[in-house]
Every structure is written in structure tokens, then in C-alpha cells.
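Consider the two complexes below, in which subunit A is the common component and subunit B and subunit C are the respective partners.
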Partner chain A sequence: MFNRIFITIIILLVSTSQAFAARTNSTFLDADVESWQSLNFTGGTISSTISCGTGNLITTIRPTFRIRSNIFGSNVRVSVASNTLSGFTNAIFDTGGGATKYVILTNSDDLPPLSSVTNIKTSPTILGNPNAIAYEVLDPDEQFLRTNVTYDDVNDYWNIEKFFPGTANSDLEIPSGPALSNTFGTNDASGDYEATITISFI
Partner chain B sequence: MKNKFLLSLLAGGIVCLATSQISFAATSATQTVTASLDAVRSVVGKGTGLTSTITGATGALTSPLAPSFIISTNCPDSQTLYMTATAPYGVGAIAEQALRTSDGIYIALANTSSGKEATQGAIQNVVGGSPSTTSNGNVIGYLFTPQATSGNLTLGTWDSGNTRWPYTLAQSGDTDVDNSISGSPLSGTYSTDNDECGAYQATITLAFAP
Partner chain C sequence: MKKYLLFSILYLLFFVPVAQAAHIATNTFYVSAQNTISIVTSGTLSGTIDSDGIISNPLNINFRITTSEDLSGIQLKAFVLDDKGQSISAFKCGSTTPSPSANACVVLADFYHRPTAASILDCECNCPECSLNPDSIAYPGTISISEGTVAYVDNSGSGYFNCEVPSGVVDLSLVVATTPKPGTFSAENPLDEADPYRVEVFLDNIPE
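The block that comes next holds the complex of A and B.
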């Protein structure tokens, strides 16, 4: 008798589970999230004016950018180039040991020869660098415990290390103020003086 | 059926997430910054060679005067400047056009010492017509040599209507404009009877066309 009851219960249980199995299902989805990184400029101030009397940069230029990634240890290079008659060339230099950095803006309406940029980087003379003007530029902003900024004074660019997944913001500031001595003169033709900033993962 | 629908929804969501990650995963970006520089235009007097002495017996300048300028501009395009000269007369030192160009180029220097000021008529007598010493007391005419055409600086023809010389400049940087006043007085403009001792002056102006 007991065996019959037990067998009946087992049959009922099995049949019941079979009935449920027909109505539900379990599927395991395995979606691997790949590592990704993203860079983009987010605005800030990207234009200013130069005093035609003194060569001073009237207002600060400060383009801002954002680094996003879902990995630990992203590395971003920040470089700046200016156009010349010989093409684009590195526009950043420092006065030794990475102490003070300068950016060279060149006249996009009347491109200078490459020698104008070279003259400023070596020992600027007022007649040696037409259509190129240099201004101090600050290191990109560092975010506490998020990013670390270093300057490569051999190749003249910055590296930004972002420690953790997520978003980090930074900028490159060219403060208002005087041009580097002997880089502004009346042989700098009127026009738009430009430099192009490139940020890229390395 | 319901499970298949849920499964499709989930799978579709994953596809959407995956594609959206790819779409904004830019690995580099560029941004150009610009600072605009306007035209620079200035003219500055060199400030040297502005005084001399007139010999009492002959009226000749003992050393040349050199009213010269430096033009500074960052604009390489063609630009016009005008040079004018005036001499003061009367107590208020009112300016009268002081260049004579009919038979050479001369400039009238007028006495500015108190009580010996020139008259407008005396300056006009030196500048135009036939000067006579009795009509131009306290005004003396001297040879004036303006900066000649040089490189990209071109001296135009005398503009009698506006009593000025036009210059055309077609280069950037600094450009010298060296003028001189020298020599013996223009005939009929100096006499010890009519030209009193004192400081004789004229003002030369070089300016960009407005």
C-alpha cells in the first residue's frame, strides 16, 4: 500500500514538473563587455584676440576634453601642432627641464616658414620668426586620485594616465598675457593665429 | 511564446548596447584654437636731428635738420600714408601749410619767439609765388628733401589740392622715412633786416590714411 502511494506521488511529481517544463525555460546569456575608450573635446574657450599693439593674448584660451574608459590604466597623449609652409610641426617647447612650456601659434592666413617655429624654439629674434607667436601654456589639469599628468620634455608632449574606469576631465590652458619675448613684432601679419591640439590613446 | 519574446528583447538590448559602445569609442580627437591679430599701424618720429643753428650772416643752416620717422606695420598689403608740413604763426601758433613745390621742394620755418611771431601772409609768401624778403619777415625757406622711393616704399606726386605727399607702403615690419632740411635759404626769404633772432620752427607729420 505504502509503495503504491509513494509511486503515485513520484509519478505525480514527475508529471507536474514536465507540465511546468513545457511552459518555462532557462537560458544563460553570456555577453562579454569588451574594453572601450573614448576621447572627445567638450568645449571651453577656443578663441581669443591678440593685441596688435603689444602682442598680448587678451583672454585665456582653454579647450576642455573628456577621457572615458571602462578599464584600469588608460593613457592619453596630448600634443599640439602648428601649421607652416612645410606642414604641421610640434608647437610645444619648454625652457629646459620642463619648467615653463610655451605653445607657438602660427598665422593660418599667411603661413610662416618652418624656420619661424625653429627660431622661437631655439633663441627667438624679432626678425627671425615672422607670423609665429609664442605664449605660455599650462600643463593639462590633473584630477586628484584619478589622473596623473607628466610631460615628456624630449618629445614635447604630455601623457595623462587615468587610473580607474570611468570619466576624467581635463583641459589645456593658454593664459592671457604677454607673448614670449622677441616672438611678437610688426612682421607678424594680421590674421588668425592657430594651433591644433590632438588627444589620443597610447 | 512569452519566453521567446523576452529572450528576443534581451538579445536585442545587448546588441544595442554593443553597437552604442562602438559608436562613441573615439580613440583620438583634435581641436584647433585661434587667436586673432588685427593690423598694427604706427608712425614714430625718430627724435634726432631736430635742432640746428641758422647763421646770422647768411641765413644758412649750420647742420641739416633730419625730421625722420619709422613706420611700423604688420600688414604686408599696400597702404597709403600722407606727409604734410606746417609752420606756426601768430600768438596761438596756428598752423599754415609750409611746403613749396613749384621750383623744387622747400619748407618754411617760422619764428616762434615771443613778440617775433610770423604772420600767415609771410608763410604764404614763402610757399607760393615769388618770395620777397620784405613780405616774409620772420619766415625763412630751406631745401626740403623727402624720403625718396625705396624698395616697397613709394613716394607719390605732390597733391596740391590737399597740400600733401602720398606714400605707398607695401611691406610689413619697420620702414624708415628719412627727410632732411638743409643748406642756404631759398632766395628772397632771408634778410637780416626782416628776420629777427629767435627759434624758427615747422612741423612735419606722417600719418596713415584714415
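The block that comes next holds the complex of A and C.
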């Protein structure tokens, strides 16, 4: 009994406190990356020459653009408009089922009436579409596993779905070659024939 | 007899040295009192990151350590989770020299779409490339202590800061700057998707 008490006293007097390791609770530093997306034209070929004799487009027109976003599932609409005396109107049409698409370029120095564009879209007649000429246009480029391009043949525009965060490049190509039959004629005045491409998120 | 001995010892230990200090030789007994440590955490813990990778405000965390004796080997640690659920040190520092402050790279990782370990490690390397570190972003960080020193310990790639804390009230802080480390956030090719980015910070190896 005495020994036990004695040892206890000694331990109490001379022992040092035992060391244990502990840690604080976790604190979290958080920063939210805001969602954002952007579109911009990156160049490409945006002008060409029309043969005054044949109406052929001498070189390919191919504007390029870039889609950037940090979210999954960005959707972009690609539409084209041409100017008329009645204002801008949709310049894209297809021959049925979306198989072949055409773009109508109009004379920016001598704007055509809206009826010129309508004539080309319905059933072009050589005298029915002054100052408007149509050329075939290809679907925007699709990037494998990155984007999917679909054509809305009711409203005549394209939708590009970009699947993942990151960058996707695309374009809209008007290949060199002949004008759509009965859309180029002597009543197409000389000047700059233009169409305006618009890309926008939807 | 035993009781007599016990009382004699107690008397000698506690009363004689005090009462008879002027007359007899004394022994000095060092009685170790329990150290008291308190740690209070505060700071600006959240912000937003814009399309250039800039945080809306510096993130900072401060540990106010109040201790009655010097502390050696307290560890400031920071971790992010990879896509396998493993904790990876979020610190990387080029110098291991003890000093009152140190600069480090601090990684924040996407909390919902966790980055790969390779992505996190690329953020910590000297020449990160945005395409190699999706869903993780690194920022310059400053670790400082109001008294004492901090020293980076690489610990085979699982680095932390070893802190020598003198007794008293000491502030140990981590401040994360707002501009990302080059090559870890790209607006050009936005692979760091829109989500909360997070780093876990705590003090370890605290004696109790």
C-alpha cells in the first residue's frame, strides 16, 4: 500500500504530460468558376469574285468561327441573311428535305426587292430575281465527338451542339462553282453581292 | 509506520522548501503543467472566378494560435480530391528554408468533376499546360506567421508547411492571390468548367 502511494506521488510530481497529435477541423477555401461562353469569327475567306460572264463563283468563300464555353452542352445557331429593299431576310433555303442548301447573295450597291429572294427560294426564273444570285452552301464543319450539326429545314438555319467544355471550330463554306440555275442573268447589276452570317447562342 | 513515512515525504516535498527556505538546502521540483492551446480560424473563404481565371477577392484563412508553451512541428496542410477520391496535397513550394513567410502554389480543384491526379500535379509543376490540367487551377499563395517560422516539407510530393510556433498569440495565415498561375487556367480553351473549386486546409500534428 505504501509503495503504491509513494510511486503515485512521485509520478504526479515528476511526470511530464503525454504528447498526442491532433488536428483542427477542415476549413474549405471555395471559388466558383462562373459559366461563360463566347463566339467569334476567326477569319477564313470571306470574299471572292463572280464571273461576269458565267456567274460562277471563282474561289471558295469559307468564313471560320470558334465556339468557346466552360459548360457542357452549348448550342449555337448559324443563320445567314441577305439585304433587300425591305430589309434583311433569311438567305438560306434548301431544295427539299435539307439535302442541298443554297445561300442567296444580294447586291449591296443596288439592293434587290424582296421578291427577288422569294423568287429564288420558290422557283427561280431568269428575270424574276434581279440583283440576287444563289450558290450552294455546305453544312458547317462538325468536329468528331465534340460537336453535332443539324439543319432546321423549316426555319432554314443550322444548330451546332458543342458537347463539352472547351473550344470547337467550325465554318460555313460556299464552294466555288456555278450559280444555281436561273439565278444569274444580265439583270444582275455589277457590284458587291453579300450575305451576313450570324452566330448566336440559343 | 507507513503513514508516518508518507506524511513525512509530503511534508518534505510541499512544506519544508517553502517554510524553511532560508534555513535549509532545497531541491527544485519541475512540475509540468498541461500546455493549453487554442486555435481560432477565420478568413475570407469564398469567391468567384471570372472568365479570365481571376478570383473576385483574395482567399485567406488565418489560424490564431494561443499557446502557453512553444510548439514545434505543427503542420499546415492543404488537400484537393482527385477523380479517384484520393487526397492530394494542394501545396507546392520551391524552398524548404524556414522563414516567417513562404510562397507556394495552391491548387483548387473542381468539386463536382474532380480532376485526375495528373491534372493536379501538372498545376504544381514548373511549366503547366492548360490542356494538361483540366478542372484544376493553381494560384500563388503566401503562408506567413506573425512569430516563429514556416518551412515547406516536400514529404515525397505530399508537401506541407512545418510551423515553429512560440508561446503566446501567433497568427498563421494562408493568402491565395487572385491571378491564376500561368498555364493552369485558359480562357482560350476553357477546360476548367463552371463549378465550385475547392481546397481543404487544416492544421495537423497539434500536441494535446
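The definition used in the following text is that the second predicted complex is superposed on the first by the 173 of 202 C-alpha atoms of A that agree within 3 Å, B and C clash if a C-alpha of one lies under 4 Å from a C-alpha of the other, contacts with A are read in each partner's own complex, and residues count from 1 in each chain.
FYI, contacts are C-beta pairs under 8 Å (C-beta built on N, C-alpha and C of every residue); 3 or more make two chains touch, one makes a residue touch a chain.
None of the values given here were measured: they were computed from a predicted structure.
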| item | value |
| --- | --- |
| Touched partner set for A:F72, first subunit B, second subunit C, both or neither | second |
| Partner chain(s) touched by A:T125 [first = subunit B, second = subunit C, both, neither] | neither |
| First (subunit B), second (subunit C), both or neither touched by A:T167 | second |
| Partner chain in contact with A:T100 - subunit B first, subunit C second, else both or neither | neither |
| Dominant contact partner of subunit A by residue count, subunit C or subunit B | B |
| Partner chain in contact with A:E34 - subunit B first, subunit C second, else both or neither | both |
| Subunit B versus subunit C as contact partner of A:G53, first or second or both or neither | first |
| Doubly contacted subunit A residues - partners subunit C and subunit B | 24-25, 27, 29, 31, 33-34, 36, 38 |
| For the subunit A and subunit B complex, residues of the former touching the latter | 24-25, 27, 29, 31, 33-34, 36-41, 46-50, 52-53, 57, 61, 63, 65, 105, 107-108, 110, 127, 130, 133, 174, 185-201 |
| Interface residues, subunit C side, partner subunit A - complex | 2, 5-6, 9-10, 13, 29-35, 39, 41, 43, 45-51, 55-56, 59, 61, 63, 108, 110-111, 134, 137, 176, 187-208 |
| Complex contact set, residues of subunit B against subunit A | 3, 7, 10-11, 14, 18, 21-22, 24-40, 42, 72-76, 172-174 |
| Residues of subunit A touching subunit C in the complex | 1-2, 5-6, 9, 13-17, 19-36, 38, 68-72, 165-167 |
